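We call the chains A, B and C, going by the order they appear; numbering starts again at 1 in every chain.
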Amino acid sequence: MLRFLIRRLLLVIPSLIGLMVLTFVLVRVVPADPAATLAGENSTRQQIEEIRAKYGFDRPLYEQFAIYVGQVLSGDLGNSAFSNRPVAGDVLRTLPATIELVFIALLIATLIGIPLGTLAAVRHNGLLDHVVRVTTVGGLAVASFWFAIMLQLLFSMELEWLPLRGRIGVNVGAPPTVTGFFLVDSLLAGNWTQFTSSLRHIAMPAITLAIPALATIARFARAGVLDTLQRDFVQYETAIGYPRHRIIWVYVLRNSVIAAVTQVGLLFGALISSAVAVEAIFDWPGLGSYAVQAILSSDYKAVLAVTLVVGVIYAVVNIVVDLVHGLLDPRVAEQL
Amino acid sequence: MTAPLLSVSNLAVSIRGDEGTASILDRVDLVIPKGRIVGVVGESGCGKSTLIKAILGVLPLRSRIDRGEIVFEGRDLAHLDPAILAREVRGSAIGFIPQDPFLALNPVFRVGAQMLETMRWHAPPHWKGQHRQRLVKLLGAVQVPDPEGALERYPHEFSGGQRQRLLIAAALSCQPRLLIADEPTTALDVTTQQQVLKLLRDLVAELDLSMLFVTHDFGVVAQLCDEVSVIYAGQTVEAAPTRGLIDGAAHPYARMLLACHPDRATDLGGIPGSVPSAFAPPPGCRFHPRCPLAITDCAATRPALEAQSTGHTVACPRYALPLPEAAA
Amino acid sequence: MKLIVIKFLRDTPAVLGLAIVLFGLFVAVFADQLAPHPDAAFSSNLLLRFKPPSAEHWFGTDNLGRDIFSRVILGTRSAFIIAITVVGSAMLIGVPLGLLAGHLGGWRTETIMRVTDIVLAVPQLILALALAQLMKPGLMTAMVALSLTYWPFFTRTVYAETRRLKSSLFVEALQGVGASTTRILFLHVLPNAASPIIVRATIGMGFTILTAAVLGFLGVGATPPDPDWGLAIAESRKFLPETWWFATFPGLAILIAVLGFNLLGDGLRDLVDPRLRRSR
């Protein structure tokens, strides 16, 4: 398993280098005058020249790339044109909120999606199966931001069950930072009010985000289970006396979820994308909101930093998914 | 004379498909006395697998037992509540050895976990806490090297022959009274085949079991089985003690089949014609279109199994007639 | 061919998808004739602000008194134009790249596929946003950004197909006869890869409409007074919850349009890949 991990990590290095090349190209090569773009709209001639010197735009391209890589690796992602603070700091500050949101969304999607898909497959062509098929296609067609607004209309404005926006009640206050995840930190601090407030605030954003993920997971689980049910070992296990519920929920499930699990990696990336709009709607102080604000204020450095960070997270998640895949299916671990 | 362990009478099974209803089994009679190994021989497509599934109660979704009884230890399995079949018969009273050792085991679970699962639900209650020990001993008995280590490995780490032994151990794990084996050596090479057959023979003798052994190979039957029953297109055509059948087969199909066996055949010709489709089976005796002894009556009535001599039954009124030269 | 059509017609969700797509196309083409108030795209009538749905205005009116029903219809045309342009451009870039990558081999293939992987390494929306930053915000920018982030999907699909066909006999035969690479690729390999491309394109249309809507919502796509669905939802936010109709109907339009393309794409995929059909 360790060998597998090392091999997988080595594979990811070229991707990360590629990612940096991509962002480098976006920053330096594409704009007509990168220095001016970086400096921001209202910069003076002198500021532009300073930036040109600092980032070495007058030097050959490969030197510029080397400088860039050096900067990134040392954590220098530039200063925000908007706030004038280091972008890296902003990103670190806002990232946990997004991760927490995406994580809860994936949790919901998996905990509901896999059993749902399995049941639909077991009762193939039954009523539940048809309902699941229709709703999963619908779930992928729904615009997250619109759905978020509909949820707000119903649960916040009409029924007043859930708070409209934010991450925690204004009067409640955030728990002391340990992990940056409010749900965890509030429990660690033993503060029940903070916990329930966090929970109530994360409900709608997480559900909104979960919808397309749930649809995808349910579809793959269903297809996986349908496929697995045809395989010989299912009939064998029935013949030697395994109870049906064990066959489905233990022995078939593990074979089927492999396809669904590998989707989780892709889903993570998709959810971070969707989080951009969802965070904007719920005023969720995460990376997505930061990105939106950066876009609207043409804060170029910030947008690119977000791109880079998201790309890295995506790569890391894919490694984890591969690891889990290897754990679930021992044949895969030997191949890689 | 004690009651047989398993007695199948007049069994008929059909499956509903997109193209219509297929009558897979039309009249199957089978008797397995206690402590004996009974072989069921037939070509591919004759319904052997369906017979096994009917006995075990694992027929595919759109199939039905149309007629007949399957009496096992005094109970009719054909009309038994499926829940009772699952709880008290499969895995506990009847053990099953599947055909393909490469596909039967679940690839993502350790072998030990899979075998312990059966024991968890079907082992006698007083074995509680001893499952693992007993399994290790059993693996030793089936000659799987390093039994303790084997339990922790995955199916793909074993060879075909080893996997077949694991499957045999799994079938025996809860001390069944009847073992059903579905051509368990077909997927193996000849040497391994011999080893597995010898193992089965020894185990059955040692544990005083009964076995239903399905195959298409008369050679295996000759080595292993005490009695044999021949099936053609879902109908039992002959049943006899092994020696009796091989030396003195009566039914035209059985005679021609034996004549084709590589050990005996003088030319490469098989039996002319082909096995009929289950969707449009010939009426009466299903062999009559290919039978050199057929008369018009053969298409009209389904012949019953009648005794030819002690313990030897044939489903053909014209069995005493000699076959024409070319087919003999 | 007829068999394929019959098979398709038996798949109810797919037929539904086709019906929706054709209906949408019809609306898009005849938008001007169908909209009861075709001037709703540009005019404003402050007296008619925020009217709830009624016989006169089926979907109500918005903050500038414009008929939302008309704007949704006009938005259909906008959505289809964007989708077709983006997917078309992505195909123009992605398909040839995929053909080349599948056929050439060696460092050229490696390079193409690495670039493809890198572009795919970042979730599409984020990359589109980053790209949109570089250029003046607007609809054109959004379309370019979306095309530049979608082409890898085509490349991957076509690459797989080309590789698969490369080792088939007929390609070797053609090479033996001396046919040029271009000829082989475009006249022979491409038609065989057409089916997965069509499936990918159909799903891409739905995906593009959705993503373009998000971009419109965030303000980096369509700009006022375009009758863009995403933009309309963004504009509606300030006026909730009283004017619920303002946000609801454009969103439903997005849902139905994307649903149509997804159902159609699924149906086409089932036709094309018999392997997957089993899991239906």
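Assume a contact is a pair of C-beta atoms (placed from the backbone, for glycine too) under 8 Å apart; a residue touches a chain by one contact, two chains touch by 3 or more.
On a predicted model such as this, the values are computed, not experimentally measured, just so you know.
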{"item": "Label of the chain whose CA centroid is most distant from the centroid of chain C", "value": "B"}
{"item": "Two chains sharing the most C-beta contacts", "value": "A-C"}
{"item": "Rounded Å distance, chain B centre to chain C centre (Cα mean)", "value": "57"}
{"item": "Approximate Å spacing (C-alpha centroids) for the pair chain A, chain C", "value": "23"}
{"item": "Touch list for chain C against partner chain A, complex", "value": "13, 114-115, 117-119, 121-127, 129-134, 206, 210, 213-214, 217-220, 230, 233, 236-237, 240-241, 244, 247-248, 250-251, 254-256, 258-259, 262-263, 266, 276, 278-279"}
{"item": "Complex contact set, residues of chain A against chain C", "value": "14-15, 18-19, 21-23, 26, 30-31, 37, 133-134, 137-138, 140-147, 149-150, 152-153, 157-158, 222-223, 226-227, 230, 269-270, 272-274, 276-277, 280-281, 291-292, 295-296, 298, 300, 303-304, 306-307, 310-311, 314-315"}
{"item": "Residues of chain A that touch chain B when the two form their complex", "value": "231-233, 235-244, 246, 251, 254-255, 258, 328-331"}
{"item": "In the complex, chain B residues that touch chain A", "value": "56, 58, 86, 90-92, 95-96, 98, 100, 103-109, 114, 117-118, 121-122, 154, 156, 170-171, 174"}
